[in-house]
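Across the two complexes that follow, chain A remains constant while its partner is chain B and subsequently chain C.
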Partner chain A sequence: MLNIVVRRLVAGAALLVVVSALTFVLVALIPGDAASNILGPGASEAQLETLRHQLGLDLPLWQRYLDWAVAAVQGDLGTSIVSPQPVATQLGRGLEVSIPLAFGAVLVGSLIGVAVGVFAAVEGRWLSKALDVLVLVGMALPTFWVALLLSSVVGVQLGWLPATGFVSFDDDPVGWLRSLALPVAALCVGGIAMVSKQTRDSVDETLSRDFIDALRVEGASPRRILFGHVLRNAAIPTVAVLGALFISALSGAVLVESVFGLPGLGSIAVRATSTRDVPVIVGVAVYFCLVVIVVNLVLDVVYALINPKVRVRS
Partner chain B sequence: MTAPVPDATGTFFPSPESAARRARPVLFQLARRRPLAFVALLYLVALLVVAVAGPLLAPYDPIAGDLTSALQGPSAEHWLGTDQLGRDTFSRLLVGTGPTMMYTVQVVSAALISGIVLGMTAGFAGGRIDALIMSLSDLLMSLPGMVMLLVALTLFQDEMPIAMLCIGVLISGFLMRVIRANTLSFRQETFIEAAAVSGLPTTLVLVRHILPRQLGTVLVQGSLLTGMALLLVTGVAYLGFGTEPPYPSWGLMIGDGAQIFGTQPALMVASGIAIAITVMATALLGEGLRDLSIERWSGRRIGGRAPRRLPRDGAAAPIPSVAQAPDALLSVEGLEISYGRPGDMHRVVHGVDLVVPRGATVGLVGESGSGKTATARAILGILRGGAITGGRIVLDGADITGIHDFTSAQRAALGIGYIAQEPHLSLDPTWRVGAQLIECLRRHDPALTRQAARARAVELLEAVRMRDPEETFDKYPHELSGGMAQRVAIARALCTQPRLLIADEPTTALDVTVQAEVLDLLRELQERTGMAVLIITHDWGVVADLCTAAVVMREGRVREAASVERLFTAPEDAYTATLLAATPASMPSRRARPSRYAVEPSRRAIEKEASR
Partner chain C sequence: MSYPRRISAIAAAAAIALSALSLAACTADPSPGEETDPTDAAGRSPMLTVGSQYPVMSLNPVLTPVSNVVTFAYDPVIFKANDGSYLPDLATEWGYVGDGNTVFEFTLRDGVTFQQGGELDADAAVASLEYFLATPNSNGRSVGAIDSVEAVDERTVRITYAAPFPNAVESLTQFYGMGLLIGPDGLADPDGLEAESDGAGQYALNPDETVSGSTVAFTANEDYFAPDAIRFDEVTISILTDANARLSALKSGQIDIAQQIPVAQVGQSALEGLQTLTGYTNWKSIQFLDTSSGPLASADVRRAINLAIDRETLVSAFYSGQAKVQEQTTPEGQVGFDESLVGSTPFDLDEAKSLLASAGYADGFELDLLTSTISDQGGLLGQVLVDQLAAAGITVNLTVANGTFEELMGALSGGEHDAVVYGLFANDLYTMVTQSIVTPGTLLNPNGAADTTAEGLIADAAQAADADVFAQTLRDLNAHLNDVSFGVPLVTESSTDIVSDAIVLPSTSYTIPQPNVVAPDPALAISKTS
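Moving on to the complex of A and B:
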């Protein structure tokens, strides 16, 4: 178990280094640097030189990266080009929105997905076929389109839930929940499709195994077989897809946040992209990677807990 | 020519030469066997035509609107209505296909090139390069696509193609993996190895011999990647990156549609559905191609098999009592078993009779396909996809022909134990050995306390001669060897204190030395408990060793049923004699110990042995 955690942590650290270094090098490659961006086209060469020196842009690339990395480890991701705010502060606030959104979508998506998948596998053929169609449609609907539709219909026309905006949990817990309800609903559609298909397939597969026959001959009740044996075995491949589900939820969160005007990491990333705010976009990439690493680590531990084969090998 | 090597995602073409020749049959087969995927293909081809010829096909100017006809719903004039500037939605959708598809194609091309080149390099180079490329693939698969796309757009805002290239590489992680796996399997084939030995340059081998055979995989994965790319491209277009207004693209149109959704929903609905249908088409085509290729190498029709269902406990119907010969425990009379659907059944077992006397051990012998396993499974009530269509099964005076509909309580009360062929598969891999035994013990005796059940379970493990019962108790099945796992399976069958034990090839999956031990154990347990045993086998050695009588089956019929002595010394049926003769003279598991029935080696067996 410890082995898995350590291996994951090392891989995670490597991922962070690669992503940040790659972004860093790419930034250095594009013509025009931060100095000319800040001073504008009218600046003299002397002014540029002074500012470059101030910003440390005259240092070699590797040293700049090292300086950035040392500061980043201490929680300093530099300052946004557009606003005077430190990047870390800005992103920290974004996380408060994006994390509940993505986790909520994965949680709701996997709960509904597992329920639908098990029901389809146990209940029968036509339901299982209908599920195939639902999965096909669910995976094909663009997330931002679903988000816009929910916002327009449920938010604006019916007025049941806020169509846009975010309420902080500290200000109003109920309002917080209401402001996240539609975004989570939009974001979990793909997850429901993915998890329900995976669950249905793994329950089907488990039901075809020999030990189910042995249990039936012994006289184990169908309920006991399903809840004691089938679900536990079927959970193994289902947990394995949750990592991918989470990554796609983070991806979708960018669009969903834009649609609902939520001030999350995604909205920050979109704004940084249109203003070419490099420190912010590098910070966003690093934050997203961090979240992915932590989630994968937790999922690995869960996977090892439910799958005895992993548990023993480590 | 070596046979094509199958892979999970599909390889159609066994060699480059025949690739072109077979291209048409693949299309034809797709149309015939996967019509939906074929329709999807036609749709996607039509879409490409529209992407190129959109401006020519559009009935209205997509940019200059007519304000007098703004915000209209679908009509004969404007099929999909108009937007707030009076521009025809249908025309804009047609014209918007061009840029949307252009970016999508850019992303997919980059993904294909990156996936194929890096995947083939990894598979062919091996070693460190392989490890490096695989870590890259892992890395790519753990990055959220949309976020990385924004990073790429920040860096290359004015260079959309470069941003699209970046994103293509980003989504190529999975393709890389699949191509690598294919390459690994291809390169082990003789003619590739021969080419390498004869000094053909590696690049030439890769390009001429390995690349063409990846075509199937590339088609399948390319199709799925197209859907993924389209969702990303329309997503960023909605965010305002890519095509600039007033020019249309699908993603932009959704944004426009959302603004007027309250007054005129047609625009948003139409553009969203256009994207969804296209993504569905790529998924259908990809899955269709994959199924087709799997069917090609496995010969199995995909999707035809109904998954097994968990039976439910209905109301318990009374089990009828019938007269039975007093010394018989199990009598099977004229048993017929058929497979298929109602109205299209084919019979595989045609009227089997057999009797297992109390306390006796009876062998059910036959080649694979003789119906012996189907017969055993029918008695156990675990037929898969088949049904008992005739005859009767009587156990100790009770008619259990309807066992498939019995409730679990009725099954539990029957006192039948079952040992499967593959011991590891017959135990739940997620439960510890001890827990599985306790579960079974307490089901059959609900009054048993947990501690008492535990003690009893350890006793059972001792009874099946586990070397260290206490330690085994806490192990998972995969930690046991095959022989140990089969002992556990036997212990579990004994939990129910069965009157009848049915063992389906209990030693086939085991090592030769372990086979003898397990057979000894079965004999000992049979003698100790006095239970009757029905053992299914193709191994005459097992019959000679354990059984008092045997039933020989072939093609779903009983050929001969007699005492073992009779069968070995004077088989009446010609087939029994052939079967006996075809068995290698010295039974592997029997050499070490004196057998109760000596089997004379036949002339054919000796000749066969000599000719090796």
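Moving on to the complex of A and C:
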């Protein structure tokens, strides 16, 4: 187990270096920079050069990256070029929104998806076939469209939940839950479809295996078979998709945050990209990467715990 | 095998997730838009919430490229009302000294304090102006070539320009960072302005309720020099970059004003019980990039292009009526606009062909036209122009520049294109001709197409003795640009704000649909009923 964790951490660190360096290079390749954005159209070349010097944008790319990396290792992600705020402060506030949003979508999506999948597997063919159709629909629905629909119907027409905005948990826990309800609902539709299909197929496959027949012959109750054997075996492939589900939720959050006016990492990324605010763009990329690494590490550990084959291989 | 009861535990787990969402829905919504408190004894309402599309880059009035948020905390030297008039604010008097428009003075109001405690005097104003001039920002090129700023006495500030500058009053209004004065304590720590404002405005930044990138909150400044002008105890700006989000927030009562709603949403949305405010803030035109040789050197050819454009059809078919025909270089409502030029450029295909023939292009010619997705989404307007000019025998080779402003600039200055389709913010003609068009080296004339008459009139306007002379000179310039068909004005696009019916509106203008939320005269600012 320790071996798995160490290997994943080393790979994660390497990934962080690659992602941050690539982000630096890609941003540099986009025409324009923060100086032209700050001074606006029509600024003279002399004005631009002066500001570039002040912002350190005239240094070679490798030197800017090295300076950033040395500071980042010490926990300093720098200061936004556009507004003099520490990047870590901005991103910390963004995480307060994006993390609950993504985790909420995975939690709700997996709970409902597992329930629907198991129900479809044990309740006969018509439900199973209906699920196939619903899964297709769920996967095909664009997240932003679902978000718009929920905001318009539930938020505006019915007035049950806030159509936009975010409330901090510290200010009002109930308000926090209400402000996240619709965004989470919009984000988890695809997850429900993905998890329910995976679960249904896994339960189906497990129920058809010989040891289940043996258990029935031995007189094991259906409850014991389902909860003691089927779900444990069926959970292995389901847990494997949760990582993909989380990444999908995190990337989908960019659009959902825009529709619901949430100040998450996605909104920060869009704003920083439009102003060529390199420290913030790289910071967002690193934070996204870190979250994905941590979540995948946790899922790897869980996967190893419930799947003995992985432990043996490691 | 059947598990009717046994799977109930799993179903219950799913129910936890569902109930978390539905329980949340059962709690009362405390959104600010639903508050119904009456105005207090001072005539103030408790809260105003504005949905803004612009991300707030900075709360420092010099650094922010868009001043609509910081003006809550920072009053300008001179206030510009929606009808275009200039009113006293931090300054009570102002004017040029002597002839030539190179020295400008203003007198500061007595008894004004900044939010962090400093007093407004000439030294404080000079320090703020000098900070603006020393700090790179997007408004720097709009305030003239300033040679020096000095305190004449305790209340009088003098600005000396290196060259005649006729727009000193405009440059000190709320639309430019220079006029929004910062107090001495704020200037001592400019980074701190992101957390604590130091203006002399009606509201002070409330850092506890402000969330970076999402919400900017202000609280009434009880030390404001005209307390009766304050209409709200608190003002909140909600940053909702998505127009659908702004409309949803407005309809559900979370905000009172949804700014900048695009044409498509205005047409599709049910807006019962809401007020729609439309202004005309951007204009589109074709600007010629090289008139020194080839077909475009002929004024007849340029006039033919103007006559070949069916602007009415553009408005009705392309803009679904959400635009207005524009035939002159100055949009309606701006200094330089000439009523007599309305109708001067009708759609006349026969006359266009005749002019082309008389110029030696009876069989037409090829025009390399550049458009950019920055101001022409998908290059669709450019494509319509291709079709319209084809009817006159002009073959347009359209290039659509996808991407950034820098890419567009590169394409403009590369000399590969004859003309460009571009959208400009509606402004007075002097500002436009000195910053964006006509003057060689500006944004849309990078290769220096020269017109000595136009340059002479611009120089005259710069030294105009008073506002009337200034306006007349700009009208003359406008007429000249029309005579020589310097460009091809197309349409003025509408901009729409949607506001709650609880908002009581002051008059708004043709060009600026946004009602003033803050104004030194309460009659000019919005208020809110219960």
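Criterion: the second predicted complex is superposed on the first by the 275 of 314 C-alpha atoms of A that agree within 3 Å, B and C clash if a C-alpha of one lies under 4 Å from a C-alpha of the other, contacts with A are read in each partner's own complex, and residues count from 1 in each chain.
Methods note: a residue touches a chain if its C-beta (ideal position, glycine included) is under 8 Å from a C-beta of that chain, and two chains touch if they have at least 3 such contacts.
All values reported here derive from a predicted model rather than from experimental measurement.
Q: Taking the superposition on A as described, I'd like to know which of chain B and chain C A:226 touches: first, second, both or neither.
A: both
Q: Tell me the contact category for A:193 with respect to chain B and chain C: first, second, both or neither.
A: A:193 contacts neither chain B nor chain C.
Q: Applying the touch criterion given at the start, work out whether A:16 contacts chain B, chain C, both or neither, answering first, second, both or neither.
A: neither
Q: Mind working out whether A:165 is in touch with chain B, chain C, both or neither, as first, second, both or neither?
A: The second partner, chain C, only.
Q: Given the touch rule stated above, what does A:50 touch, chain B (first), chain C (second), both, or neither?
A: The answer is second: A:50 touches chain C but not chain B.
Q: Let me test your reading of the model: by the given contact rule, A:251 touches which partner, first (chain B), second (chain C), both or neither?
A: The first partner, chain B, only.
Q: Touch check for A:208: first (chain B), second (chain C), both, or neither?
A: first
Q: For A:115, decide between first (touching chain B), second (touching chain C), both and neither.
A: In the superposed model, A:115 contacts chain C only, not chain B.
Q: I'd like to know which partner A:239 touches here: chain B for first, chain C for second, both or neither.
A: In the superposition, A:239 contacts neither chain B nor chain C.
Q: What residues on chain A does chain C touch that chain B touches too?
A: Shared contact residues on chain A (touching chain B in one complex, chain C in the other): 30, 122, 148, 151-152, 156, 207, 216, 222, 226, 258-259, 270, 274.
Q: Could you please specify the touching residues of chain A with respect to chain C in the complex?
A: 30-32, 35-36, 38-43, 47, 50-51, 54, 82-85, 89-90, 93-94, 107-108, 111-112, 114-116, 118-119, 122-123, 148, 151-152, 154-156, 159-166, 168, 172, 174-175, 177-178, 181, 184-185, 207, 216, 222-223, 226-227, 258-263, 267-268, 270-271, 274-275
Q: Quick one: in the complex, what on chain A touches chain B?
A: It comes out as residues 11, 14-15, 18-19, 23, 26-27, 30, 121-122, 124-125, 128, 136-137, 139-145, 148-149, 151-152, 156-157, 204, 207-222, 224-226, 228-230, 232-233, 236, 243-244, 247-248, 250-252, 254-255, 258-259, 266, 269-270, 272-274, 276-278, 281-282, 284-285, 288-289, 292, 296, 306-309, 312.
Q: Using the touch definition up top, name the residues of chain C that touch chain A in the complex.
A: 1-3, 6-7, 9-11, 13-14, 16-18, 20-21, 23-27, 29-31, 55, 57-60, 63, 65, 136-141, 190-191, 194, 211-215, 238-242, 244-246, 248-249, 251-252, 254, 403-407, 409-410, 435-436, 442-443
Q: Hey, which residues of chain B end up touching chain A in the complex?
A: Going through chain B, the ones touching chain A are 135, 138-139, 141-148, 150-151, 153-157, 227, 231, 234-235, 238-241, 254, 257-258, 261-262, 265, 268, 272, 275-277, 279-280, 283-284, 306-313, 377, 380-382, 384, 408-414, 416-418, 420, 422, 425-432, 439-440, 443-444, 476, 478-479, 489, 492, 495-496.
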